[in-house]
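The two complexes that follow have chain A in common; it is paired with chain B in the first and with chain C in the second.
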Partner chain A sequence: MRTVFLASILLITSIGLVSANDYISLFNDNRITKDELANVIADYMLGSSRLSLDEIRDASYVYIYWNGEPKSIVDSANRTITIYKPIKRIVALHSDAVEALVVLGAEDKVVGVSKYTKECKRQFPELSKLPSIGSIFNPDIEAIVSLNPDVVITYARWPDPSKLEEKLELIDVDTKVIRLDFYKGSTMKEEIEKLGYLLDKEENASKYIEWFKRYENLVKSRTPEKKVKVYTCGKKPSRAFGEGTGPYDLSVMAGGENVLKGKEGYFDVDPEQVIVWAPEVILMRSYAGGYETDDISGMKAEYEKVIYKSGFENVPAVKNGRVYVMSFDFAFAPSYPAALVTVAKWLYPDRYSDIDPKEVFQEYIDNFLHINFNVSEQGCFVYPRW
Partner chain B sequence: MMDTTLLQVKREYERYIGRKLLFIIFTSTLIIMVAGISATLGSYSISVLEVYSTILKCLISHPENTKESIIWNLRMPRIILAIISGAGLASSGAMTQGILRNPLATPYTLGISSAAGFGAAIAIILSKGIFAGKYVIVGNAFLFSLIPTFVILALARFKGATPETMILAGIAMMYIFSAVTTILMYFARSEAVKSAYLWMVGDLGRASWEIIPTMFISLLICFTLLMWKTWDVNVMMIAGDEVAKSLGVNPERERIFVMLVSAFLTASIISFTGTIGFICLVAPHICRMIIGSDYRYLLPASTLFGGTLLLTCDTIARTILAPVILPVGVVTNCLGGPMFLYLLIKRKKEYW
Partner chain C sequence: MFIFTTKHNIKTMKNMFVRLVIICILCISMVSASVIRDVKVKTPTVVSPNEKFNIFIEIGKDLPTVVGVTLKIPDGFTLVNCSTPYKVLGNKMSLAMINDTRAECTFKAPSSEGTFIFEGRWVDMLNKEEGKFKMSISVSKVIATQIPTTTITPTTTTPTTTIIITTTPPVTAKPTPGFEFITGILSTSLIVLRRWLR
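What follows is the complex of A and B.
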């Protein structure tokens, strides 16, 4: 133990002696010039290059397609991420990132997923077969490193950097961590745009953003002056989802006036308070449904918890049958615009009589996920059923 | 005639002591063996031979490639952290049980873990973003975790509290701190709440060489100090406060001293790892069942055994469902619980 301890001191003092990477030094003046590229290629042909053939290929790619310059973005954890090589191998720690990568048409670059994506056999028929790196909160670093990824994509907040970035630094691998959420409506467009830019998939990104904006603007244009009062909750009717949570943002973006305005985060409220607020619509977020199950009984049970809650019979939403349950992987994922239209129609049914939200969702599945999946027959996304 | 009996008694005593020493030697060997096995297990496939040659190589130079870094910077710190944490928790648990003469007493029942959780929650909730304030969390957890101990010591010093009162005060403190944490969580952003909860679940995933020297030194110093007090604790355990006084031991002073050292040791561990339960309760009891309550032997035995137990559990936690890593606390409870029950049932006479 003592030797180990001494050795650890030795190790700590010796940090900083790592040699500079020859490939990165091509960017010393911020970009690869024609001369630099010609030199490294000539060196390679003479057998005196310190770069591998792959690195020379990358340098040529960067010179031709990126104008010789590295690519930079600011990710959702507010860090500047700069990449110097085309990204070829991606480990996605959450299913929303996997979905975004599919939307961008970059699924061929994904080499590893989390255990949650492994379960998504219908939504990601091919990618769910990829090797797992464990859970997002406690990823198996050895499993990640053995996949040799160029980047790892994870949520802005999870896992803790001490379980990911700091570990990768210790191993000194050339893997970048990019933190992007892909589950919040408010940041979805810019996140797709940033990832599309890094992966050279700008075209697919703008196709998606256009589609997103179309429904965003449609809902905005149809929202009336006098707004409907909404209450958002989790699977328990008393678990309120206030400002900053997905359901709250969705209800407001869809044109509702949320009774929880001014209250942040999720918390338990007194059921009597809900009766006092008298919401006209109640929106519930559920983990029960999704792409992978056709059994709607879980969502139904959550729905019934609200409508049969004693005292709630006088809440307008319950009295008028305007309680709705939505599945999280439909409402808080890149399929967000479909959920937006769905909620907007729940709030103002007469203003959206010409629009079928189910078709909007089907449009998303056909055009962006490219899977053989019929939302009229498969999966459970909303309750009462469409 | 007299001589032979005396000789017999002496021989029997030596055998008795020999058994204890044997257990200590056995546990030390076990620790090295488990560490040796643990180093070869992981999702990145590296052959057993490579693992050992890398460890030997890295003792003198530093790792040069990915494989070597995985062994030296990922697996080794985690193994050593597991041993240090297990050892520290078990030794402070053993001593707390001794000075308070209560089989259920641990540093946790004195409120240390809930106070540390509160300190960490404050730091997490108030910090801006996840990249700020890594050391603030550790520091805050450490500072807060010492509060309950000082309150209890003040009670003992100024109100002359008995061990029973001290435990009750500790439990009260535990409830207070968990309640305040819950209140804090109610007003925090949902994401910070989740981070804080995740912090509280003890886990060795934050291991790195950076933190090892500090923890090792604090274990070494605290263990030496506790070892120095084992005779006094023996007297207090067996004879009670009154008799201890007549034998020249000042029970109040010893109690305060041992509690301070144990609290410091526990705090220095859990502020890095979060609350790892059970080891501090169970490791000393298991050792007590095997080698008896003589603290001169029980303390080193518990320390070594605690290290072995936590290392074994952590190795299982990170390999059994790989790549899914279980929280180590789950495994300690699943493994330690039945082991403890088995020993309790098998044991014929009262041991406490």
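What follows is the complex of A and C.
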């Protein structure tokens, strides 16, 4: 059955390929000129064009709104992505990309989501109803191809190209894979700007970036010279989140001095080492909370794993009650500035007595997600609770 | 102090209400009119044999525009030139109007008399709309009743006549048939209602 499906997709694709090549040939000199466009339109009107009406519409759009030129970006996997036609159909392999698309006002272009996004009924009331394309780690290529997307957006690191690009190339050369994370504060603005540019949503991107900068600058201006020592980890205290990870970036942007400086990625550490580092604050990343649950017990259990861990009672963060759990949905997504203010207030409570991070988060939900969601009454985003 | 429910006040409130409704209706009709694409093809209805005459294609919309037009040329007529690049295939011609709202094509009428049909279609490449048009041109040595145009300046020496051509509604556009009529009826009714309320 699978073979028949793939064979039929290959057949359809090979027929469409001729036309697709004709379309791309319009950009031979890297630009569609007025004469070239007039020529293909005149041919089409006479019934003698090799381009379809949709392709001619795309070429017209590119001529008028893109000055006749393709759009290019360098994605977060450091690859140059060039788009020759307006993006109309998007498969988002991760929820952070879905959220970024909502922030940009491009939710109408999303045609497929991951099985995890399908569970996000509160956060994405409409998009969670879209067809599933499997998981980020094991994308269902047949499901993706059947949705005929112009682009697939996924993380810079996951899935491995052998599970996505290499399989798509065998079937559908037209679909581009764009790797953008939307979970790290250090790259968020740039990624939003790039996707906004590709989708002709520059205005919405600017609005978000302006909001982001407001809180980024606020935190910068309030960070003292003598910084608080922070350790970042996952739900297990021995699972360290070093440089290049979301929690590490967040701790540094919030004004902390991370004890994992110089150590990259996710790795296990000896708990004894954590005791030696003696962090003043421990930040934990959790998958237990989020928009979809009001039950805080999962986050609480993870919190207790740290504070009751043998030997940790002498770690300053534990001794002084400065262990904090952050929901992944909240802290490592486009809502990042709200998490930034939250962590900054945890690190330097005296300097943020006038700021309520919950209000910043609500501002984000109201202005960018446009959902009916009250953070004071719904969801679990931090532990101990705000 | 708030008891001012005099006849005068009730009348004032009724007048305000009626004004508000009229303004709302006018606003709705203005908004609707702005989204309807209007592609007009203008031509003389009667020309002399062997005479050169112009056909004007006009897009009733602000820039930007990208519209493809095709026209079936009746037997005996010859396409002389167009103000925009064009192509001819058999008895059909086509052109693209890119950031133009007006194109002008010159044809030469046949030597024989008769009534001929020019028909064609247009496709808006930016707005997923399309439509058809059809017009008839009589070739006659005797120029009949002439209605001078106020919208175009003929380039030929022969006086042109009626120029408004029937265009069929766009296939994918969302026209509002009878909308103006209904708006008129409603507005009139409201004026009558207002007078009645006095």
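Keep in mind that, in the parts below, the second predicted complex is superposed on the first by the 364 of 386 C-alpha atoms of A that agree within 3 Å, B and C clash if a C-alpha of one lies under 4 Å from a C-alpha of the other, contacts with A are read in each partner's own complex, and residues count from 1 in each chain.
Note that contacts are C-beta pairs under 8 Å (C-beta built on N, C-alpha and C of every residue); 3 or more make two chains touch, one makes a residue touch a chain.
All figures in this text were calculated on a predicted structure; none of them were measured in a lab.
**Student:** Of the two partner chains, chain B (first) and chain C (second), which one does A:61 touch, if any: first, second, both, or neither?
**Tutor:** After superposition on chain A, A:61 lies in contact with chain C alone.
**Student:** Touch test for A:38: chain B only (first), chain C only (second), both, or neither?
**Tutor:** A:38 contacts chain C only, not chain B.
**Student:** Can A:287 be said to touch chain B (first), chain C (second), both, or neither?
**Tutor:** Neither partner.
**Student:** With both complexes overlaid on chain A, does A:245 touch chain B (first), chain C (second), both or neither?
**Tutor:** After superposition on chain A, A:245 lies in contact with chain B alone.
**Student:** Pick one for A:308: touches chain B only (first), chain C only (second), both, or neither.
**Tutor:** Neither partner.
**Student:** Report for A:143: first if it touches chain B alone, second if chain C alone, otherwise both or neither.
**Tutor:** Touch partner of A:143: chain B, not chain C.
**Student:** With both complexes superposed on chain A, which partner does A:386 reach: first (chain B), second (chain C), both or neither?
**Tutor:** Neither partner.
**Student:** Which positions of chain A sit in both the chain B and the chain C interface?
**Tutor:** After superposing on chain A, no chain A residue contacts both chain B and chain C.
**Student:** Over in the complex, which chain C residues touch chain A? Could you list them?
**Tutor:** On the chain C side, the touching residues are 64, 66, 68-70, 84-87, 89, 92, 94-96, 98-99, 121, 123, 125-126, 128.
**Student:** Going by the contact rule at the top, pick out the chain B residues touching chain A in the complex.
**Tutor:** Residues in contact with chain A: 42-45, 58-60, 62, 66, 69-70, 72-74, 76-77, 80, 83, 129-131, 134, 186, 188-191, 193-195, 198-199, 203, 205-206, 208-210, 212-213, 216, 318, 322-325, 327.
**Student:** Using the touch rule from the top, collect the residues of chain A that touch chain B in their complex.
**Tutor:** Checking each residue of chain A against chain B gives 1, 3-5, 7-12, 14, 17, 77-79, 115, 131-135, 137-143, 145-146, 156-158, 160-163, 166-167, 170-173, 244-245, 264-267.
**Student:** Over in the complex, which chain A residues touch chain C? Could you list them?
**Tutor:** 34-35, 37-39, 41-48, 53, 56-57, 60-61, 63-65
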